[in-house]
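Quick heads-up: structures coming right below.
Note that chain A is present in both complexes that follow, paired respectively with chain B and with chain C.
Moving on to the complex of A and B:
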């Protein structure tokens, strides 16, 4: 039974490593490393797409033309634009430490993040869609998944958000739809410029308290470093990026509950 | 086909179950079993947004992932309750994952498999009374733990 929560702050890392580091850690936790809270932010902008989503949801031509790398992650959710204004956090725990339904597990692993947001002066709450929000605006992009026998929930403190770029990466059928998407994104996705260092400290305290563990700074294990190299390669393979075939989406999501259909705006 | 309403859940008691992975197994054919998600799996997974099953032809050990599903941005594995070769997958559920929730015992089945270790069948929960008792206990436990609401 774990008594320690490892805390690793990687600081600024390459776009690729801002994805592969935490995947490697999740594999490590699956193999017996302690529950781990990790932090990092990307040195350059890039795009990440959820495990099941179609590459066709992205305007790949535009991504290539503007030099945005695209990586497919092993957790859920849709395609997202990521840059240095987004400070990532990831909590990786053995599956046995999670309880209840999927919704309950995710909410339990997001609750300490909400506490951390509140500790740094942001009036955040976990809304009915399990989004960390202020009012009706989402302030944290999250996703979750089981990697090996570890469960990982990822999120971010967004100190600045480039709505234009975030909307531009999405393939939209017409300029009108693109404009509507940007408008909705400006309305429903907000940055919360808080002190990232204070947020990280508050998150470490909140997660350790929630999990009943003692936070301790740590480093990656040999196994995790080996896995990291493998995942680095995997994430750069065209076949991995292509992913599994998934149904063609009929709408693009702005945030949970706010979807833009090809022909009309719908709030679900 | 026989079914019972157990604490609000319709449960087919003529099937075998891997309750830990929330899967039903139809063992009525001699060499092929059909697998689907049980009502508790449907309830605890949330609304399925994505479901991908690996192409038929693969050999798997019991508990290994044969695909993945996603609900609420959470990606999790779909595992096999028995070792063997997957010989068919339900393409309809990949197109419409909601089918699993709407008709878990019928159109929402997941995959078919030829068991390679028939002795594993004995480890599944089976028998009308045993299945009913197993579900009764599991639902009671989930309610005590707050996993399921009354």
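Moving on to the complex of A and C:
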């Protein structure tokens, strides 16, 4: 039974590593590393797409033209624009530490993050859609999954958010839909400027307390470093990026509970 | 059929309790599916991606990947072998098929084990499986439910 929660702050890393590091950590936790809270932020903007999602949901031409790399992650959710104004956190725990349904596990593993937001003066709550929100606006993008036998929940403190860029990466059928999407995103996705260092400290305390573990600074194991190299390669393979055929979406999500139809021009 | 906190545990098959999978032997093949506990924990399925027939899998490897809400997770097989059939067509017709009928229409994969026989991770049957599942359901602090709509 684990007694320690490893805490690793990777600081600023490349876009690729801002994805592959935490995947490697999850594989490490699956193989016996202690539960781990990790932090990082990307040095440059990029796009990340969920495991099952169609690459065609993105305006790839735009991404290429503006030099935005695209990486497919192993956890859920849709395509997202990520940049240095987003300070990522990831909690990885053995699957055996989770209880109840997956939704309950996600909520349990987001609750300490909510506490951390509140510790740095943000009036955050976990809403009925399991989004960390202030009022009706989502303030934290999150995704979750099982990697090996580790459960990982990822999220971010958004100190600044480029709505224009985040909306522009999505393939939309008409300029009207694109404009509506941008407008909804401005309304329902908000940055919460706060001190990232204070947030990280509060998160470490809250997660350790929730999991009943002692937080200790740590480093990656040899196995995790080997896995990291493999995942670095995997994430750059065109076949991995392409993924498997998936249904064509009929709407695009702004935040949980707010979707914009791609087949009609009005909001749904 | 035994029901514990709403979770069905049919006694006509074997279980990989740790992996939340049921197993039915069919001559030299095994059919795998999610248990009621697995489908309840997952919640309403959004997407499933299957390892295709002809593909080899390792014991503990994944025969499918499922997504529910923002959760993505593997379906691990206790058997090494070859995928003979994937129940993809049923999920294309009804993505909630495993949420509605996990033990029959919502099966996941048909595998030809190699080596044949029992996997290294022991499967449980009958009352032994029921007892283990009761303990697991209690430890997970959950009750099961099915999708009806």
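What to note about this one:
Everything that follows uses one rule, which is that the second predicted complex is superposed on the first by the 262 of 268 C-alpha atoms of A that agree within 3 Å, B and C clash if a C-alpha of one lies under 4 Å from a C-alpha of the other, contacts with A are read in each partner's own complex, and residues count from 1 in each chain.
Rule of thumb we're sticking to: a residue touches a chain if its C-beta (ideal position, glycine included) is under 8 Å from a C-beta of that chain, and two chains touch if they have at least 3 such contacts.
Please read these numbers as outputs of a predicted model, since none were measured by experiment.
Once the complexes are laid over each other on chain A, chain B and chain C cannot both fit and instead clash.
Judged by the touch definition given at the top, the superposed model places A:222 against neither chain B nor chain C. By the touch criterion stated above, A:50 is placed in contact with chain B and with chain C alike. Common to the chain B-facing and chain C-facing surfaces of chain A are residues 50-52, 74-77, 99-104, 106, 130, 142-146, 244, 246-247. Taken in their complex, chain B has these residues touching chain A: 43-46, 49-50, 52, 68, 70-77, 94-96, 145-147. Across the complex, chain B is touched by residues 50-53, 74-77, 99-106, 130, 142-146, 244-247 of chain A.
By the touch criterion stated above, chain C contacts chain A in their complex at residues 40-43, 46-47, 49, 65, 67-74, 139-142.
Here chain A touches chain C in the complex through residues 50-52, 74-77, 99-104, 106, 130, 142-146, 244, 246-247, going by the rule given at the top.
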